C-alpha cells in the first residue's frame, strides 16, 4: 500500500528517515531544517517511531552522536542547514575518513555573515571536499525517494551521503508526493551494518593515529598508511556512481520511480543549448526551456546535476558533446573565482574533443528571487552570444542584482 | 469549473498565527483530491512572527508545477482580516477581473474595487455562531473562497476541513465554512464584470 | 558509604587489558591509571577518546595497545560521540559500558560544551578526565586546569596568572549521578569508585590528577610520590558526590584528623613551580589552609 | 550492507603488544631485585606486590619472585621507589655486559 499526501518538504524528509528505519536521531535547531527533526522528535515521543531522539547542544555534537551510533552499529540520521553544516565541518571529514555509512539531509541556506535564512547552495558547496557523497533533489518526491535510496548507497559503499534540498522552496512548501509502503522499504533496504562496528567481542581501535607509511599489524600483515586509506576513499567515491545507478534501478523496479539518478535530462535530444543547474532551479528551467522553444524557436534543454560529489564528469561530458552552448546557472560560488559547478563543468569538458561555449550565471544568492522571466531573458540572450571574448565568457554573470 | 489548462494562483494574507497557512493547506488538499496534479503551497519565506502580516501562496494546476517562486500575479487574493487592507496593498499584481476574498464586518460595497470582484462575509462573527472560539476565521474563509471562486465543491472543502481540524472542533469548523459559504456576498467590479 | 568490599593489591585481578611496549612516556601515571581502571571496568566496555596522550598510548595504526574497542573522535565531541555509542547500545539491547576518556584540555576547554550537554541530558556513560594540568600531548601548553603559577610553554617565565578551572564543581552544578576526584597515585581508590559507578545509571564523572614527568619537570621514579604529596598536602582533594552529597574520600578524609604535608614539599620536586617565591608559596599554603578550615566544618561528622 | 566490490579501507587497528617496539631499549637504568629482601620472595607468600601494582607498563609479574619483563620495562624506577623494603635498585644499563633489550 502506498500513500499519497500533500505535505512540506521537511515532513517528506522526516517520513523518509522514519521509513528507512533510523534508530538514532540527533539534531540541533536551525532554520529552515528545524521542522524536519521536530517532526522526528514528535514521532519518537508519540511512539510512532521506535528510535532514540537526542536533543544535542550543537551541530558539532549532532553529527558526533550520529558518528558514535553509526560506529556502534546502528542506523543514525541528522539534518542541518548553513552555519550548522559549517559547524559540523570537522565531523564531516571525520565521518567520511572513518567510512561511516551516515545519511544527513542538508536544507540548503545562505551562509552568514550577514545572516540569511533564505536559500542558496553555498553551504553544501563549501563542504564538497569532505569526502561525502552529495546529492541534490528537485521536489518532494525526490526528497522521499532519494533519501531512502541514500541509506542503501551509504551502507553499500561505506561513504556518508548528504541529501541536499532547497530551503523554503522545498522545506516549507507543500506539495503532493507518494510515500512508499513501509514493508516494501524494509525489503529494499537491508539491515544496517558497519564493517568495523565497535564490539568488545572483536575489539578494534578506530581512527587511531596513522603514519605516512604502510606498517605491519600485530599479525604481521602490511596495512596502508594515511595516503593509501585516502586514495581508497577517492577511488571508491568514483565507484559509488555505478552502485548508485544499480540502487536506483532496483528502486525503480520496486516502486516505479527514478531512472535518472546521476544526471536528469529535459528536452536534450535535439538541444543546441543546454542549461546545467541543480535543485529546484533545474525544475524551474523546464518552464523556461518550454517557453524559449515555443516562443523563440530556440532548441534548448536542461541537464539537472543530481550527484554533485562524486562529480559525474564523464557522463556530463557525454551529455554535453552535441551542445553548441552550455549555460551553468548556480546558487553558490568559489569566492574569488567563479561558480563552483561551472568550474567543474568546464574541467569535465576539457579532455573531450567538442568544447561548447560556456557561460556562468549566479542566481538566487541568499534567497534573492529568481523570476522565470529574468531566466528567460538571460538565457535567450546567452544563446545568441557565441563570440564573446574569452575573459568575458569566463566571468560569472550575476542575475537580479539590485545595486 | 474554470479553465483547466492554466495555473490558478491564490495569495493569502493573514497575521502570523491566524491560520492562513492551514487554510491554504486545506484548499491544496481538496484541489489535489479533485484532480489537480499540480499543487504548491508556499508560506512566506522567512522569519514569521505572531501578529505580523504574513502571506502564503497557493498554485493549482492540472500538471506538475515546476516554478516554485512566489506568486507575483495572483488570480485570487484571500484576506483573513480586513484590517490588513490598511497595512498591506493586498491587490498588488492581482489580475484584472481577479477575485478578492475578504473577511470583513462591513458590507461588500465598502470594499468595492474598480477592477476586481470582491467577495465578503463576516467570517469572524459566523465562526462564533458556529461554535468556534473568537478569532478563528481560517475555516470560514475557505467557504467564502469556495463560493466566490467556484473552484472546488463545498462538500469537498468540508471533507478536508474536517480532516485538518480533526482534533480541533471539526464539526464547528465545517459549520463555519458552510455558513460562510451561504453568507458570501459578491460585489462586481465598478468597471463591470470581466469575462 | 559503600557496601563494595575494598579491593587490595592482593585481591586485584591479574588480568591485563593493556599491552606492554606501548607509547606512554617512561613513568607516565596515566598508563598506570588506565591499566588499573581497566581492571575495574572489565572487558564489556567501549572507549571514546579524543586527541590526547591516550590516543598515542593506545597505539598507532594498525597496532592497538589496548584490548578494548575504541573510537577515536574529534577533540570537541567526546561526550557527544559517547552519547551516540550509548544510544546504539540501548537500541541493541546491550549493557556494554561506554567510557569517555579525555584529557584536561579535551574536557575543560574544547570539550566542555559537549560534556555539559551530556550532563544535562543525564547520559548513561562514565566520563573520565585525566588531568595532567596542561596540553601535554602537544608539548605542555596551558589548559583551563593548569594551576596558578605553573610554567608551561605558553605561560613561560612567571607561570600561569590565573587559577585553574574547578571542573568537577562545574560538572557537579549539573547534578549528575556521580562525581569523583581521584589521583593516579591512588589507583585502588579509582578502581573501587569505578566499580561503584558501573552500578549506577546516568553520567558518572571522574576527575583524576595525573602527574606527568616531562610536563611537570619531575623525575619519572617520583611520579607516584608527587601525586601522593598533592593529596597529602591537601592541595588536590579526593572526594565524591553522590546524590548531591559530597564526602571526602579516605586518603583526603584522614587529613581532617592528622596533619597535612606542607605544599612546599610538593612544589619543590617540580620544575614547573621552581620559580615560585617564598611569598607565593606561603600564599598558596594559606589558601589550602583556609580551604581545610572550611572542610573541617563541612565534614565534621564524617 | 557493505558491497563486496569495495575494500573500505579505514584505520581500524587490532590489538597486540609492542606498538612502540621493544620499549626496553628506552631504559637508562635497569631494576635489579634483591630477593633476600623482597617480602614475597623472602617469605614464600604473596604479600605487597607493589612493584607489579604500580608498574605503568605491565612489565612486572605478580609472582612470589617478581620478574621484570626487560623487553618492555622502560626503566622509570617507580617500582624501586615504591618497594616498601627497598629491595629494588636501579642500576645503570651500561654496567650490564649484554646491554639492554635489543630493538
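When the chains are written out, they are named A, B, C and D in that same order, and each has its own residue count from 1.
Operating definition for what follows: a contact is a pair of C-beta atoms (placed from the backbone, for glycine too) under 8 Å apart; a residue touches a chain by one contact, two chains touch by 3 or more.
Chain labels with UniProt names: A = Ketoisovalerate ferredoxin oxidoreductase alpha subunit; B = Pyruvate ferredoxin oxidoreductase gamma subunit; C = Pyruvate ferredoxin oxidoreductase beta subunit; D = Pyruvate ferredoxin oxidoreductase delta subunit.
Small disclaimer: the values here were computed from a predicted structure and weren't measured.
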item: Which two chains share the largest set of C-beta contact pairs; value: A-C
item: Rounded Å distance, chain A centre to chain C centre (Cα mean); value: 43
item: Separation of chain A from chain D, taking each centre as the mean of its C-alpha atoms, in whole Å; value: 53
item: Chain B and chain D: spacing of chain centres that average the CA atoms, whole Å; value: 82
item: Between chain B and chain C, centroid-to-centroid distance (C-alpha), Å; value: 65
item: In chain D, residues with contacts to at least two other chains; value: 11-17
item: Residues of chain A touching at least two other chains; value: 203-208, 210, 217-218
item: Overall pattern in which the protein chains touch one another (line/ring/star/complete/other); value: other
item: Contact pairs between chains, per stated definition; value: A-B, A-C, A-D, C-D
item: Contact footprint of chain D on chain A as seen in their complex; value: 97-99, 155-158, 190-191, 193, 195-196, 203-208, 210, 217-219, 224, 226, 228-229, 232-233, 236, 239, 243
item: Interface residues, chain D side, partner chain A - complex; value: 1-3, 5-17
item: Touch list for chain A against partner chain B, complex; value: 4, 6, 31, 117-119, 168-170, 172-176, 280, 283-284, 286-287, 367, 369-372
item: Residues of chain B that touch chain A when the two form their complex; value: 24-25, 28-29, 32, 37, 39-43, 45-47, 66-70, 72
item: Complex contacts: residues of chain C adjacent to chain A; value: 43-46, 48, 55-56, 58-64, 66-74, 76-77, 79-92, 96, 113-114, 116-117, 120-121
